[in-house]
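As structure tokens, the structure follows; a few thoughts come after it.
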Amino acid sequence: MKGLMRFFMRRHNWSLPYFIFMLIFVVLPLVLIFIYAFQDADGNFTIDNFSKFISSPEAANTFVYSIGIAIITTVLCILLGYPAAYILSNRELCRSRVMVVLFILPMWINILVRTLATVALFDFMRLPLGEGALIFGMVYNFLPFMIYPIYNTMQKMDHSYIEAAQDLGASPLKVFTKVMLPLSMPGVMSGIMMVFMPTISTFAIAELLTMNNIKLFGTTIQENINNGMWNYGAALSLIMLVIIFASEMFSDSEEEQRATNEGGII
Amino acid sequence: MKRFFAQTYLWLLLAMLYAPIVIIAIFSFTEAKVLGNWTGFSTKLYTSLFSGGVHHSLLNAIENTLIIAIVAAALSTLLGSVAAIGIHNLRGRKKMVMNALNNIPMLNPDIITGISLFLLFVSLGITQGYTTVILAHVAFCTPYVVLCIMPRLQQMNPDIYEAALDLGATPLQAMRKVIIPEIKPGMISGFILAFTLSIDDFAVTIFTIGTGGLETLSTYIYADARKGGLTPELRPLSTIIFVTVLLLLIIINVRSQRAAKKKEALVK
Amino acid sequence: MGESNFIIELSHISKCYGEKCVLDDVSLYVKKGEFVTILGPSGCGKTTLLKILAGFGVATSGEIKIAGADITDVPPHLRPVNTVFQRYALFPHLNVYDNIAFGLKLKKVKQDEIDARVRKALKMVGMTDYEWRDVNSLSGGQQQRVAIARAIINRPQVLLLDEPLAALDLKMRKDMQMELKDMHKTLGITFVYVTHDQEEALTLSDTIVVMSEGRVQQIGTPTDIYNEPVNSFVADFIGESNILNGEMVRDRVVKFMGREFECVDEGFGENTPVDVVIRPEDVYIMARTDSGMLDGVVQSCIFKGVHYEMTVLTPNGYEIMIQDYNAFEVGQEVSMIVKPSDIHVMHKERVCNTFEGKMVDSTHVEMLGTQFLCNEVADVEVGESVLVEVPFNKVELMDNKEDGQQVGDVRFILYKGDHYHLTVRTADGDNIYVDTTDVWDDGDIVGIRIQADDIVIKKQAK
């Protein structure tokens, strides 16, 4: 008992309970995905789950289609979000901070509620649900996640860089392409992660937005898990994890993490 | 001129972002079963939302959602505060490991978190229900709490804990009288953040809630929407959620701005 | 000597992280009521020592006694010492009163007594009527006063002060120095004061402990330390000095700057390499005469308020710093005289670099974390441990760290009249001493190169 007291007197040991918790509820579950993915229903080692994925046209097609949708969504979000973030962070163009809050606010509303609202909008305007609705809904859902990190990076950017560039004789266009754009790249990369990842992994949204006509990869995973095909579901999850891990490796940098994390809530 | 275009662009985007929510809010004040039919102003949907009876299961789901959110947020705040103090005092590789661990749930897509926890609970033979949902929510909320508290610890004068010991406080007293008051704003933000994350969550909940008939708001809406017909009462509910989130965000914003002003005043 | 004579007894304190020691066998005995200053450059271990004394850090080995009681393993909140922190460490969520009353409230002292003592403490630091102020609204000086009041109100046996004035501006610092000195007199408690400011140390202390590289260099009164520094480090650190390489020819005769001088030191033996220290104010300067000991030409002359500071270049290439009330023009030919008693002779800590090495083969030696080519060594075994000697002036430093065989950073620079003596530390913590005429800055990252011909290998006596 006294030993335990002494142990927790050292403050760095306070991280131990969390460490144990994380091992059980974060690391172990991920390991389980890995284990299940390489097992058959009886618990024997197999790679059948993966060969099944490759050989079944349906799953593989859904996979490619999902990536396609995710890329389209991400590109649209950049095209719409970058100018918005630029305007929001520019003191001359936008003086009010309320604007920023307005753009971030939708992030905090239940994604299903937002999706249902989109469905309602399409109903209201008598537009058919389908691929168009899906992409609109995705962009609508994830646009704030693109704007926020870019805005954050731009806002923290030292204004003197821009002044220095002007001072050195750069035209406004040059200032933008040579200074603003490269310096805001960490924010863009972080925005890409924050949009691409959820779009590729959502499952309920597509169902609702397309009246269950279009399936995304997330839906396939969920269906398999729900139907008791845990091993196949785990294998599909592992494939998704690899994709996400790869894209993170591709983009990971300290600065970008800062762009995502630092702002905290707002 | 440039400013005019910029403003117009922003407002157009905002219109797109808010159009669906506004439509839902407007049609929450009419009785029509199908959205888009305006049958005159009425607050019946609001009253029937809270009158129980027919919509007993919806009320039940709301209640579950709130209980889960409060418990999960409280547990995350407790675990996260202790963890943040611990991580803050770690050095070198151990600190890196803890920070990396802390990042995993935030980088993982919800569906992976959900499925991985589902696999954990089934392989341990744990019946899923209230406990598993709360544990799952604590698992993905705590990292955010840690992130809310870390900056407070980093800004804190590192000597004040030792100063308290020096003046005769036991380590526990020093914690209670000096460190906790310092990180309290972070703990409150962390709690609010965890609370909203928990209420919002759908993907993790659906995999960990089990088949025992437990419903949260998210799973209720999902089931409802899959059945095809949208319960009209969801419109007033969405409106209420929207307004609540709006208020919460304003409160947090005012708080953080006040803190920033206070800090500015100090610098002067 | 009776035990009660000392209030603090630190015996053989070491603090090591693996191989690296921030404190290396430090012993210190402090008399009751003394004002002791621990003085040294940053990174010398002085703050670590204070933390060990306060109980925030644990020594790897050694023993601490306060008032005769062993407190080596006593946690900080039970020690009869209080600390004034460099960055004040006031509790930002408490007002001035609650900050000061913090310790008394923990001890459950009665409310009216707390009131009285807080008022008295505030009066002592000259902050009467500030009780209800928010500590965040106070200036740096005021915060430091509150921090002092918060510490002394607990009537500690020893008050520890960790660079308490470092964050204040010069004027404020001077005022606070006087106040601290008065406070020390009034309170009668022992002060242990840590600083890197030699002037502050000389002004305040009864005893100064000069530390460097985790070791005590010298303990003594301010006058002792100033007038009789024991080595070139102390001489350089305390006040301004001319430090020169010399040779003790015999007792009372020392040779430097190519000339023999009469001095008062004895017992160094004959023809021993030594460091010679002459304070700039101890050199008498006059227009060129035949009766001077040294001749030279004035290189620069700067007015310093009370005196002029001049550098004089001798014909054989030595630069000497001189402080005098009279100014001499730049370019003027002058003569200089130094009294025998003003020539301070001290032992050299080392006369060349000595590294521990290991033979890789007969022409390669491994040391300083890398391999060096050396001249062939006869009958030496592969893997045999050897001592390697390299003269100071044979270590080459280069701007480009890639050009060197090893990389290090310049830690300490000593000007020796006609060259610089540098301490360069490698990433592994090895010190290399270098004599060079090139100018380097503190903290420069340099490449290090040693030619094979300059490496002398000595077999280790087993």
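Letters A, B and C mark the chains as written, and numbering starts fresh at 1 in each.
Everything that follows uses one rule, which is that contacts are C-beta pairs under 8 Å (C-beta built on N, C-alpha and C of every residue); 3 or more make two chains touch, one makes a residue touch a chain.
On a predicted model such as this, the values are computed, not experimentally measured, just so you know.
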Joint neighbours of chain C and chain B, given as chain labels: none
Maximum centroid distance from chain A, chain identifier (CA atoms): C
Interchain centroid distance [CA atoms averaged], chain A/chain C, Å: 55
Between chain A and chain B, centroid-to-centroid distance (C-alpha), Å: 17
Residues of chain C engaged with two or more neighbouring chains: 75
Junction residues of chain B, two or more chains touched: 171
Chain A, residues touching no fewer than two other chains: 9
Of chain B, residues touching chain C in the complex: 157, 159-160, 162-171, 173-174, 177-178, 181-182, 266
Residue numbers on chain C that touch chain B, as the complex places them: 54-56, 75-78, 81-83, 85-93, 102-103, 106-107, 136-137, 150-151, 154
Sites on chain A touched by chain B in the complex: 9-19, 21-22, 24-30, 32-33, 36, 80, 83-84, 87-88, 90, 92-94, 99, 101-106, 108-114, 116-121, 123-124, 140, 143-144, 197-198, 200-204, 207-208, 218, 221-222, 225, 230, 233-234, 237, 240-241, 244, 248, 257, 261, 264-266
Partner chain A, residues of chain B touching it in the complex: 2-3, 6-7, 9-10, 13-14, 16-21, 23-24, 27, 35-36, 79-80, 82-83, 85-91, 94, 98, 101-105, 107-113, 115-120, 122-123, 135-136, 138-139, 142, 146-148, 151, 161, 171, 189, 192-193, 196, 199-200, 202-203, 206-207, 217-218, 221-222, 225-226, 230, 234, 238, 241-242, 245-246, 248-250, 252-253, 256
